[in-house]
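Just so it is clear, A, B, C and D label the chains in written order, and each chain counts residues from 1 on its own.
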Amino acid sequence: MSSFFLFVLTTLTVLMLVYLYRVVRGPTAFDRVLGLNGISTKAIVLLVVIGTTFDRVDMFVDISTGYALLNLVGALAIAKFLEERGEERQ
Amino acid sequence: MSWLGIALIVIGLFFLVVGSIGMLRLPDVFSRAHALSVTDSLGALFVLLGLAVYEGFNTNFLRIIVVLGLIYLLNPVIAHATVRAAYRSGLRPGKGDDQ
Amino acid sequence: MRILTAVILFALWLVLSATYDPAHVIVGAVVSALVAWLNPALPHMRRLSWFAALAYQPWLFGRILKSGLHVSRLILDPKLPISPELVRHKTKFTRDGELVALGNSITLTPGTITVEVAPGELVVHAIDEESRKDLLDGSFEAKIAGVFAATEGER
Amino acid sequence: MTFEFPLLVLLIMTAAGAIVVKDLISAVFILGSYSFALALVWALLGAVDVAFVEAVVGAGLATVFFLLTLFRMAEKDTQIRRPPVPWIAFVALPLLAILLLYGAGDLPAFGDPLSPASTHISPEYLENSVEQTRTPNTVTAVLMDYRALDTLVETIVIFTAGIACALILRRGT
């Protein structure tokens, strides 16, 4: 059964690479933010998967909860600053 | 029970892959936000639900459900904040601003 | 209402800490009581009808699944048949609780995403004709009005 | 468990991307995703606290601070103009890499039970930490109990730096 989880983990990492492409390439700053959000959602899921493979879900769920909350704070801050900057430039 | 979990995880992976393809193919910020919402709502839901079922019904099940609830409460806020910032800074959908 | 908040916080503590010796449980009870006591109760919780709120979740999940499959088909279609457009969506909601629930549900549903929120009007970005129609049939409003039906709170 | 490999590829690609990219705002976002990947590596190694700090500081705080700085700069300064790479770098860096790889060959294998680190002090921690500190996670026990003084001073440094940052940012508004 471990090979199945290895497959899941590898797939999630490859998907993170796809979002990374959007972060690197994305024409506007908002595309980059969206890509970053996609990566962090994957990271949350990935943490729980890692926890399941290690049989220590209790430990890893704590970090993924923290990730989810931090992600909110970071994304709101970024969106707010981008919004201010956009208004300045018009 | 574990087979049900694995089936749910595979369904979730499908939606995650679809979300990534959408992230690559769709033309502008607003449409890409839709792809992200497919990933968040359905992909994360099925994968986490599958993991919870795979874990069996104990406290770990409840914890994974808590993470799921957080994703459901917080990710729409993030998507909305990003899209609103894009809207307010002058981007408009429809023309495909792929410079 | 504060007691309810404290009970919810305490349940969250029990789930997340998962050590049930007396010290941890007592600390959790004290902390959740303190947090509930220090914070003013949310004004919207008083109007929430809990049964409708619980019944709303499976319905919302059904909507998400349906439109998620639709958007997945759009994305995987080689011709990419999307027609994105901003829609001004009038609602009869003016209070924060309803607006947050409505905006969150719309954003959570693939195919539609809330761009701006103001009392009485939302600006929604819809990815194609079908998502737009789904939004306009007003079933979100009907359900959320049911969730916040208990209007004995004065506000 | 061979999952480290794709994660390390992701790590290297994010790090390289942050260097290669042309404007600073993208570099900041790529650094954010680098922090997420690095935190995942820590989590995979079982160091939950380090992963948490990496996520908080690297992906959260650092990104916000970098962006705060960038938005106070003129737009032309956020573009990077790089001088061409000197030719000696193409010789010296591969040599350095070979030297480091040669040195790394002498390190004990990862998780080797006979290496000095795993025979001297680690068994002590692993056997006694639960009853001595009543902390279920050994890494946390080492960080917060056995090295408490070290961690305390570290925390003081970080706290002072945080206060300084807050003061500087406040003076601007």
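We take it that contacts are C-beta pairs under 8 Å (C-beta built on N, C-alpha and C of every residue); 3 or more make two chains touch, one makes a residue touch a chain.
Everything numeric in this text was worked out from a predicted model, so none of it was measured.
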| What are the two chains with the top count of C-beta contact pairs? | A-B
| message | Can you tell me which chain is nearest the middle of the complex, judged by mean CA position? | response | A
| said: Based only on mean CA positions, could you tell me how far chain B sits from chain C in angstrom? | reply: 16
| message | Quick check: how many Å separate the C-alpha centres of chain A and chain C? | response | 22
| field | Gap in Å, rounded to a whole number, between the CA centres of chain D and chain C | value | 36
| said: Taking the mean of the CA coordinates per chain, how far is chain B from chain D in Å? | reply: 27
| request: Name the residues of chain C that each touch 2 or more other chains. | output: 16, 18
| field | Multi-chain contact residues (two or more partners), chain D | value | none
| When you check chain B against every other chain, which residues touch at least two of them? | 33, 40, 59, 63, 66, 75, 77, 79, 83-84
| Considering only which chains touch which, how would you classify the arrangement: line, ring, star, complete or other? | other
| Inside the complex, what are the residues of chain D that reach chain A? | 1-3, 6-7, 9-10, 13-14, 17, 21, 25-26, 29-30, 32-33, 36-37, 39-40, 43-44, 46, 48, 51-52, 55-56, 59-60, 63-64, 67-68, 71, 137
| request: Within their complex, state which residues of chain B touch chain A. | output: 2, 6, 9, 13, 16-17, 19-20, 23-24, 29, 32-33, 36, 39-40, 43-44, 47-48, 51, 54-55, 59-60, 63-64, 66-67, 70-71, 74-75, 77-79, 81-86, 88-91, 97-99
| query | Can you list the residues on chain C that touch chain B in the complex? | reply | 12, 15-16, 18, 64-65, 68, 71-72, 75-76, 80, 82, 84-86, 103-104, 107-111, 113-117, 123, 125, 127
| Tell me, which parts of chain A touch chain B in their complex? | 1, 4, 8, 11-12, 15, 18-19, 21-22, 27-28, 30-31, 33-35, 37-38, 41-42, 44-45, 48-49, 52, 57-58, 61, 64-65, 68-69, 71-72, 75-76, 79-80, 82-83, 85-87, 89-90
| chain A residues within the chain D interface of the complex | 2, 6, 9-10, 13-14, 16-17, 19-20, 23-24, 26, 29, 32-33, 35-36, 39-40, 43, 46-47, 50, 53-54, 59-60, 62-63, 66-67, 70-71, 73-74, 77-78, 81, 84-85
